[in-house]
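Take a look at the structures below.
Common to both upcoming complexes is chain A, partnered first by chain B, then by chain C.
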Partner chain A sequence: MTTIAVPASEPQIAELLGDPGGAEALATSLYKAATPFETFGERASDERLISGWKGYAYEAYRDAAGSAGPEHEAMHQSVRRVARAVTFYADTLQTLKRDRDDLRDRKQRLDADRTGLLADIEAADDASASTIADLQARARDLTSRYRDLITDHDSWCRRVTDNEDQLRQSFASAKGLNGALSATGGATQDATDAMNEPGAPGGGSTPAEVKAWWDGLSAEERAAVTAAYPETIGSADGLPASARDDANRILLDDDLATLGDKEADGTLTADEKMQLANARAARDGLHRAESYVDPTTGAKPGGTLWLYDPTAFDGDGRVAVAVGDMDTADDVAVFTPGIKSEMTDTDFYTDKMTNVYESARYNGDGSSVAAMFWLGYDAPSGPTDPATLTEGRAEDGGRRLSDALDGLRASRPDEAHLTAIGHSYGSTTTAYAASEDDFAADDVVLIGSPGAGPAENADELSVGSGHVYVGRDSRDGVAMLGDEGWVGKGPIGLGTDPSSEDFGATRFEAEDVDRSSLPNFGDAHGSYLDDDTESLYNIGKIVDGHGDDVEEAEQSYDPWYSGAVDPEWDRDPTANEPGRSETGPDAT
Partner chain B sequence: MKRLLALSLLAVTPLMLLGCSGESSDPDGDAEAQREAIHRTFGSALTTAGEHASKVAGEGRWNLCGLETQGVEYLASATVTPPAGTTPAATVTAITEALSSDGWTTSKQKSQPPWAQLEQDDLLLTVQVEKLTPEVVTMSIRGECITGPDGWATSMSEEPEPIEPS
Partner chain C sequence: MSVTGIEYNQMRSASTGWGEQADEMEKTSKELAGLSVSGLAPSVQHVASSFMEAWSGYAHESADIASGFADAISTTADHINDADQVSKSWLDRLDGHLGPTR
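Right after this comes the complex of A and B.
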């Protein structure tokens, strides 16, 4: 007799209790509840000293007001930490719900296969040896798949319990007056212990050390530090993008709820108004990234809030939003914008990142892609800002960009292909970053560049001249400012023109059909990332790891006997031409 | 001579920087004019294309453009289903020829992949078979980038609206 061992139908997929929407509503209520503590604490501190009032009663008032300020600030922070823990709980619950649906679907497919196998066995009287072997193979395969499902289900159940435990502990740590007044009220013991371990971010640890610290934490500890210390986790170079994203979303939710409430009751200060505008721009950009659909697959590659600091740089803010999975994408692009860029532009620039993503995918080799808008430096505020005419902000920004890319590199266990793209003043910033010896990018793209900062030629950038690419529209007034030739242009540019033959980079076609007949700062300077342009086509090729396939353009040159010559001036630009300037589908 | 050139560029630069935005003084008016022009021109082109198709479905929407100076352009596109028994490549050729007879000037044409560009009144019309949808023909027109004050571009609706043959 032949035996075919058909596995049992298991596990029973557990129910998931809890409603993410209800938890989010609770978090919003808690954010609102925290604000009066802050307001009272500030007022108690401000009005502690009253001139003209003396005596025992005044001394008693002064002492009471003196302790009320710090106590209420501590209570404000404790309630806020609990609110953030609830936000994290709600976000995790949402993820767990999706994962449960996946487990349920897998179970249903397995059960259908099992039913089919039982029917085939039932019908297989006097079956041949090969039929029996086939049935046995199907049974073994089914057993293996059921086993995997059981493992994944167990893991999911642990995550459910961890999520509930974390929230319970957060509530417990803020319970009672002592808990609420403690400096760590609302933070779980797991969180405070983990943050005191070597390699924790915020204490001068390198990105590699931070990565090692994170790898050594349990899932429970990771959840705890994310909920309790989102400011630190959200900007920690070396952490996986998904961890930073989790933390930054907590901060974003906090700002939207807290500042939105203040706006509604008319108590928003001028600084908070800017902070709220920045938060809403980050929210819109993130929503755009999450809504984007990859036309080559029909799937949504997702969005990541990699950096969120809406009060930095006197209210201009720091932010980074990515389209695609920064933790797993084969090809990662990081774009640094130029002057005028502020956090309120996040939504607009995220749209540009969808263009870069799409171009790399549409004309790519099938590798996965992520494209990130990075505004982690203090960009000059406009053409009339004196900082625009000097390289100080670019130099400082270059260091910050280099640190960010170091963190990105350290966060990945694999060797992703990394491209740094800079536009206008951002190209000078990128050149400063790339002039550091250990710059983490593989390829550098400078577009609309007023000069390559410290590098007089492409070989001075650490990626080597073979990996430096330059896009310059022949009418781009900003890109004409860089030095070339033996006379140069004095102090008006920001270094050598990287599109010139003196510099020695690979120049790619980047003419725009609306470039106009004269030099300008409009279409010619601003179309490099527009759909169906030569520039975006070539940038997509470079991001995809195929810089050798760009449509090359002849470098500009500056003979001693005349002015600078740009061979691209007389070439007719193309738009939406397959293999040259088509960057995505026209109709969906 | 070279120094003169450098000095004159130096003198002109602040002026260029100050006026560099190229921002429209009436972005809403310019945008509406562009939208109307493209609806009219593209609708007419779709009517012509419809004579060589079993089905034509067109739509238009605002698309973000620019970088430091932010703007929008109106993007019109259509999916054209070839008649039974006709290949998409043959349909591209037939539509291109019909549009040429209709006053469009063919500026570029390729057979592999089937693709053509035609011009009329500073508008560039692309007719092609795209690699993701090789069973149909697509047509598209894109307007020039219109820039406006901060926040104006992202306030424009990117929701598609139908464009009917006219």
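Right after this comes the complex of A and C.
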């Protein structure tokens, strides 16, 4: 008598209660309900000083309005905090719904295998020893897979409970008037306690300390601080990208709902109009990242809203949107744009990030990739902006970029391959960042560069000259501004041309088949990340960790007997050529 | 106090603004009371409903405060205006002339 232990069909996949769409609608209504409390507070402050009214009666009125103003501003923050908690709940509910579908599908597959095993056992009269051994092995495998499913299901159930508990606490904390009017504005006790722990972001903690703080929080505490303090969590260097993304999506939803409502009412101020435009641009970019399908796998690598600050820099905004998983990708690229870049360009640049992602994957070694558009600095607004001619913004931006990459490094337990790409003025910004001793990137790519800022040669960048790569289209007028040899060009550039011989970086092919016969500041400067170009092909190779495989180009130089010479000027460019400029499958 | 005075139109405008704010708060109060919590899990719905009820009340109270400000400013302006008219009538009877025209 042989016994084959077939596992029971379990667990029963629990129902998920609640509707993400309904919850999101409730959040939108709460954002709307918060606004009148805000206008009350503003009115109380504005109209405390009613022009021309003086005397005892006025003083009595002023005192009353003086207390009503701050109270209503606190009430506004409380309702808003609850609305954000509902947004977080709705987003989490959506994720839980997807995860439940996965669990259900796994269970169905296991049950089908179990039914097949039972049928085979039933049919196995007088089975041979090897048949019995095979049936036993299948039963053991099935038992192991059911056990894994049970574990994952238990974990999923806990997440469901945590999500509900968190929202319940948010409502409860903000229900009483005393709590709503307190300094914490109705934040839950979990949230305020966690934010008072050492290493919490916002108090001068280093990215590593912030990471340690986050690692020490329970799932409930993480959810609590995300819902209550999304501004802080969304921009905290050192936190996992997924945590920042959760928080920034709350802020985005808040802005879209609150400002969209004001727009409908016709009460949008000029500043708010810019803020709403920035929010919509971030939404569109994020949607593009989420919709993108990796042609090598047919899967969606997903999108991340890594930074969201639509009121920064006098309304230009700060934003970072990534394609791919920033927390787990083997290869991570961070792209810094140049002059004229504003938050409203997010969708455009996210599209370019899908190109970088695709090139790195299509010509890559199979490693996973993430590519992020980072606009975390105040880029000069255009050629006529005096800031364009100086390196101040690049220097400041370099510090910010360096901090951002420090945060990325600290947020991950592993050593991802990290590439910093800078275009135009952003290349000068990147050079400033890379001139810091402990710059966190492994490779640096400068494209269309008007100059490498503080670095006169590639060795001055902390990654070392062997890891500095430069792309320059021979017709790119901006890339001609830097000094290329023994005679400088005066104040028109921003340092040494990194494509020049003197600089000593690896120059890669970056000519465009559509190039014109004359230098220009248009297409030649703006096509480095276009599909099926030499430039994108080589950038993909570098991002994938194979900078040694780029198609090298001869460096420019400036002999004493003539003007600067670019050997690439007369070379015939390629496009969509396998192994040289093909960056993805041809469109069908 | 060494100075007293009003600009009547400014006070009227402020009063009107507070009146509009009161209407807005009353509308918000009703909307909060009517919000559906059915999209939330049942374990959350009760506390969510309590929150809506409480905040509907706060919004109603805010409407009363705004309305009180509106009325107070308007009434004060009227009182000062009335007092000014009374004073004017009294002061109109003053005669500052000398001689036969007095």
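Heads up, the rule we're going with is that the second predicted complex is superposed on the first by the 574 of 588 C-alpha atoms of A that agree within 3 Å, B and C clash if a C-alpha of one lies under 4 Å from a C-alpha of the other, contacts with A are read in each partner's own complex, and residues count from 1 in each chain.
Quick note on the criterion: a residue touches a chain if its C-beta (ideal position, glycine included) is under 8 Å from a C-beta of that chain, and two chains touch if they have at least 3 such contacts.
What you see is a predicted model, and the numbers here were worked out from it, not measured in a lab.
Three-chain overlay on chain A, with chain B and chain C fitting side by side and no clash.
Legend: residue contacts after superposition of the two complexes on their common chain; A:Ala25 is shown touching chain C, with no touch to chain B. When both complexes are overlaid on chain A, the residue A:Arg168 reaches chain C alone and has no touch with chain B. Contact with chain B, but none with chain C, is seen for A:Asp345 once the two complexes are overlaid on the shared chain. After overlaying the two complexes on the shared chain, residue contacts for A:Gly477 are found with chain B alone; chain C is out of touch.
Of the two partner chains placed by the overlay, only chain C lies in contact with A:Ala64; chain B stays clear of it. In the superposition on chain A, contact is made by A:Phe37 with chain C only, not with chain B. Of the two partner chains, neither chain B nor chain C is touched by A:Tyr557. This overlay, made by fitting chain A, leaves chain B and chain C with a least C-alpha separation of 34 Å.
Comparing the two complexes, no residue of chain A contacts chain B in one case and chain C in the other.
By the touch criterion stated above, chain B contacts chain A in their complex at residues 1-3, 5-7, 9-10, 13, 16-22, 59, 63-71, 73, 75, 77-79, 108, 110, 113, 115, 117, 124, 126, 128, 130-133, 136, 138-140, 142, 144-145, 147, 150-151, 153-154.
Only residues 17-26, 29-30, 32-33, 36-37, 39-40, 43, 47, 50-57, 61, 64-65, 68, 72, 75, 79, 82, 86, 89-90, 164, 167-168, 171-172, 174-177, 180 of chain A touch chain C when the two sit together in their complex.
Interface residues of chain A facing chain B in the complex, by the touch rule stated above, are 284, 295-296, 337-341, 344-345, 347-348, 351-352, 362, 383-384, 388, 423-424, 448, 477-478, 480-481, 485-492, 513-514, 519-523, 525-532, 560, 562-563, 574-578, 585-587. The residues of chain C lying in touch with chain A in their complex are 1, 3-7, 10-11, 14, 17-18, 21, 24-25, 27-28, 31-32, 35-44, 47-48, 50-51, 54-55, 58-59, 62, 65-66, 69, 72-73, 76, 80.
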